[in-house]
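In what follows, structures are represented as structure tokens.
Heads up, the next two complexes both have chain A, just with different partners, chain B and then chain C.
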Partner chain A sequence: MHATAPQDPILLLAGLGRRYGQSDVVKDIELAIPRGSFTSILGPSGCGKSTLLRMIGGLTLPTSGRIEIDGEDVTYLPPQKRPTNTVFQSHGLFAHMSVRENVAFGLSLARRPREEIAERVVDALKLVRLSGFEDRPVDRLSGGQQQRVALARALVMRPKILLLDEPLSALDLKLRQAMQEELRAIHQDAGGTFIFVTHDQAEAFALGDRLIVMNKGRIEQAGPPGEVYARPRSRFAAEFVGDANFLAGERKNGRVALAIGVEFDLAGPDGPLHLMLRPEAARLHTTDKGGPEDGRLRVAGNIVEIVDLGPFAQCVLELEGGHRIEIAGIPRTMVDEIAVGGRVTASWPEAAMVDVAP
Partner chain B sequence: MRPLGAVLWFAVIATLVLFMLGPLAIVVVFSFNSGALVSLPLTGFSLDWYRTLFSSAEFWAAFQNSLAVAVPTALLATVTGTMTALALTRKSAAASVPLLTALSVPIMIPPLVVAIGLVVLYVRWLSVPLGLGAVIGGHLLLTQPLVALVVSARMASFDRVALEAARDLGASPWQAFRHVTLPQIRAALVGAALLAFAISLDEFIITIFTIGSGNTLSTFVWGKMRTSLDPSINAIATLLLVITIGSTAIALRMTRYRG
Partner chain C sequence: MTGARMPSRRLRAVLLAAPAFAILAVLFAVPMLLLFVVSFWRVRNFALTPDMSLAAYARVFDTYGDVLVSTMINGGLTALICVGLGFLFAYAARFRAGRWGDALILVAIVTLFGGYLVKIYAWKAILSTDGFLNAILIASGLSAQPLDTLLYNRGAVIVALVHFLLPFAILPIYGQLRNVSDIQIEAAHDLGASGRQTLMRVIVPQCRTGLFAAFAISFLYAAGDYITPRFLGGGSGSMIGQFIAQEFSTRFNWPAGAAMSFVLMAASLLVLGLVGALFVRRRPS
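So, the complex of A and B:
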């Protein structure tokens, strides 16, 4: 499925690329971001996601392609002339200024009236829950507070697009989760379009209503997070957004024979194929008394490993011929019935398997 | 063993300190001594040598020349040295370290060589007349790398993301420099300027080679020493001592430069 252009995109990227010497850090990006959306860009470090964000914000110039914001070509505009603002990973606060001066910086440069600046600074600090910190020097704040000042400093400009470059990655887990919730609330309260870059898939899913998976400078897949998770289009996307089993097989005349020893009907061209199965899509049965259910595949195997996570467990099953699959989300009630070495059956719906490029 | 070692160690240090600071102390003491000879015993406290000095037109001419060289040198070196440092911080360490080292060559080679080279350059190639302007040029060679080093050291701990944030919030490159970079490196700049001032003020070799005619304080002292061992020299030396130690001390405080 190709990402269909939204009705009223705030941001359009066409053939966007950035080349350093001989290497393409970002290549051929085609993307339309809907107005008011919260988009997460997810990818491993070095995949070009930060460079892409910097090009949108004007901090890095592209070597090819075009950037349009709200219908206006901004490809070669300097950062100070773009309707975007950025929250940086290492906040980049002005160390010699107070919280108030930091947040007021952009508005003062824009020569807004004094009363308006004062009012908007107060509002922005309220939004990030830092009211009362106006006169603190920024180096006396905690990491989380500093990142919230950086957020207020960008939000106070009311950018058409707010760019967030891994702003939470320097924070500890608890604080990170709290900040994620705050970010979602701020997006709802303040409105606007947010683009959030992260290498943390849990964060990308927690925050975005749209997900873009990047790899090696290209967009691997874009869509709603649930869709990317359930129907990844590539092996990379499948693995990067979660755990996955990959089942090799061969298709002939619309019938697929998997290497793990099961067969089923699936329309498509003849030849080898790889199917992805999420570990939690499979179910475990200790007694194989269920008849051949419609549309479910069943395989028998020996348990070689059990990881008890508390509410759930996951296990590794060794099938005929030495193939192994992982099964997750095994309910508590069942954990006591299984043991390493025990023989069990696993089943999953045929439709749960997704054809991915190898 | 240990007490003896410690005592010997203390004796060595004390001798060294006496040897190095002794002449300075003698100069200062004799500048306030009434006798015309720099020899013991002291004959009494007097400000006569300072009076002699301050009533000498030659001294004031030299003093004015010294300021006419040291002030422009300090200002120019601070501007060009800072520009150098800012340009270098945009480059990778692999590129900036060799460049900074290359720029520092004038302070590593003997001043005599620099001075001879300068004279040849000025007279033979550039047809620049010797004089105060030529001296300023020579002093820039010595002081600009120092400013560049001090400012580079400051920029190493400067948050470059803050600069990008400023641009992102609507600042032009100049506004970003004025509102973000400058307030954070101001102390280092003032300190570097004072260091440059102190170095220029008592520089001798390049000065005497390139000044042509006229004197700065350092060449004035040298001239006087060749004719008479007049204790008013001690008064000048004491003044120079106070000015250079004072400005260097302020500079070190402001730059926190240790090294």
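So, the complex of A and C:
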């Protein structure tokens, strides 16, 4: 389902690219964003995610491709003519204005009636839980409060698409998590389409109902967060959204032989392949009971490292031939039975392994 | 309570401010006070005589009323032009020059090395009847004979003063423009502001005090200047500073000079107060 375009998308990007001199910062972006969705764009710094967001908002012009918002071509429209609003990483509040004046800025430029402005400003500040702060100068607010004013300033415009460019990354962890919850609630209350750019994997998963992983100016994978996590299509995507084991192997006539010394059936073309296994998909056994008929692969090895996290533990297992795999989510009851140097068996369902491009 | 070894915060503040305060007190406040007293005295047989007379002040308005008004106009025009050009330059350096902004400001400051008298003589050379500008006008056929209206008037004084004072006007404006972040500009556009609206509602309001400082520096300097009008001013360009200097030196009429100084100061403060009321709006608190 991730491959097909959604019905009636609010945002459509076609062949979108941005080139600076000789380097493509963003290249060949094909993307359709469903109306009302909350999309997280996740990628390392310098992957082009902010540039992509700025092109949607009109703050950076593309060098190729097309941007459509709600069926209208806005590729070369200036930001003031687009139905988008942006919340910036460093809020960019107008330092000479009060909270009220900041939030009212866009509406007063749009020449809305005085009563409507007053009402919408009050509503927007209520939405970001800053009622009563109307007359404060913005430079006397805390970082989190300033970012919420910036959010209200954008939300009050009721943009078709709200663009959020790492708005929480300047805040400390506690505040960031609280703001994530608020953002989710605001998306539910206010409606509209949100696109959120971040380099923080946990934040991307906590916020978005859709996830886009970017790398080197291209979209690596797009889809629901759970699907991207469970079925990554590339090694980069697999590693960027979580921990992963990569098992090299060779396939011949539908039979895969892994370097760690196990074989199983998996349809596909002959040749070398790489399979990804999430550390928590494997289970640890001190005594081996099952047989090959239950659809699980089994390998024996020695524990070389244990990290006790409290409720769970994770460990590194050394297999025959020096291959190492990481296993996570080991339950508390098991932790007391294992020790570094101990011999154990690990097992996982064949279906848990995902074929990724090397 | 403070410890025995650590001076209190207040004492330290006093100690830090003391040298500057002493200089200001000795070199500015005390002479001012003396001059203020002298402005009520009289001169008899070339000797200062203590008195409580307002004669010197009356003389200022009788004799120098026109020059005083003319001085305010010259100073005001000079300051307005400096603020206007200074803002354009500072704006270009901050928002259009990219990473060369600071270099542009450095260039503006370097022009101060030219010196003050050198600039006056340069303008004399440019504007005189056999000067540079007339040579161009004649060579290009725009004028059949040299114009003698370029020099010795209000315009010549203002041009030379602007040339000298512009860097002083640029600096405070640029300093404040640097506090307006690029993100603020982008946010303004994002919220629907055109370039002009961004300028008038986001940029200018945030450099109000810089604009006022630029105006005040240029105005005070220009209004108090007596060298430029002496060399370039002629009739319409003459300013009260010249006459104050005369009263003190050749006429040895200290009370008159002192009274003129205080009237000039009061008039200048009045102009600055009016302009300040326009420039600087109280922020919400």
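Worth a mention:
As a convention for this text, the second predicted complex is superposed on the first by the 355 of 358 C-alpha atoms of A that agree within 3 Å, B and C clash if a C-alpha of one lies under 4 Å from a C-alpha of the other, contacts with A are read in each partner's own complex, and residues count from 1 in each chain.
Everything below uses one rule, namely that a contact is a pair of C-beta atoms (placed from the backbone, for glycine too) under 8 Å apart; a residue touches a chain by one contact, two chains touch by 3 or more.
Predicted, not measured: the structure shown is a model, and the values here were computed from it.
Bringing the complexes onto one copy of chain A puts chain B in a clash with chain C. Shared-chain residue A:Phe240: touches no atom of chain B or chain C.
Contact with both chain B and chain C is seen for A:Pro78 once the two complexes are overlaid on the shared chain. In the superposition on chain A, contact of A:Gly57 is made with both chain B and chain C.
In the superposition on chain A, A:Phe38 makes contact with neither chain B nor chain C. Looking at the shared chain after the overlay, A:Phe94 reaches both chain B and chain C.
Aligning on the C-alpha atoms of chain A brings chain C into conflict with chain B at a single listed stretch, 146-154, out of 2-10, 20-28 or 146-154. Residue overlap on chain A between its contacts with chain B in one complex and with chain C in the other: 57-59, 78-80, 84-86, 88, 90-96, 105-106, 109-110, 150, 153-154, 157. Considering their complex, residues 159, 161-172, 175, 179-180, 183-184 of chain B touch chain A.
Contact residues of chain A toward chain B in the complex are 57-59, 78-80, 84-86, 88, 90-96, 105-106, 109-110, 150, 153-154, 157. For chain A in complex with chain C, the residues that touch the partner chain are 57-59, 78-80, 84-86, 88, 90-96, 98, 101, 105-106, 109-110, 135, 137, 150, 153-154, 157. By the touch criterion stated above, chain C contacts chain A in their complex at residues 179, 181, 183-184, 186-194, 197, 201-202, 205-206, 283-285.
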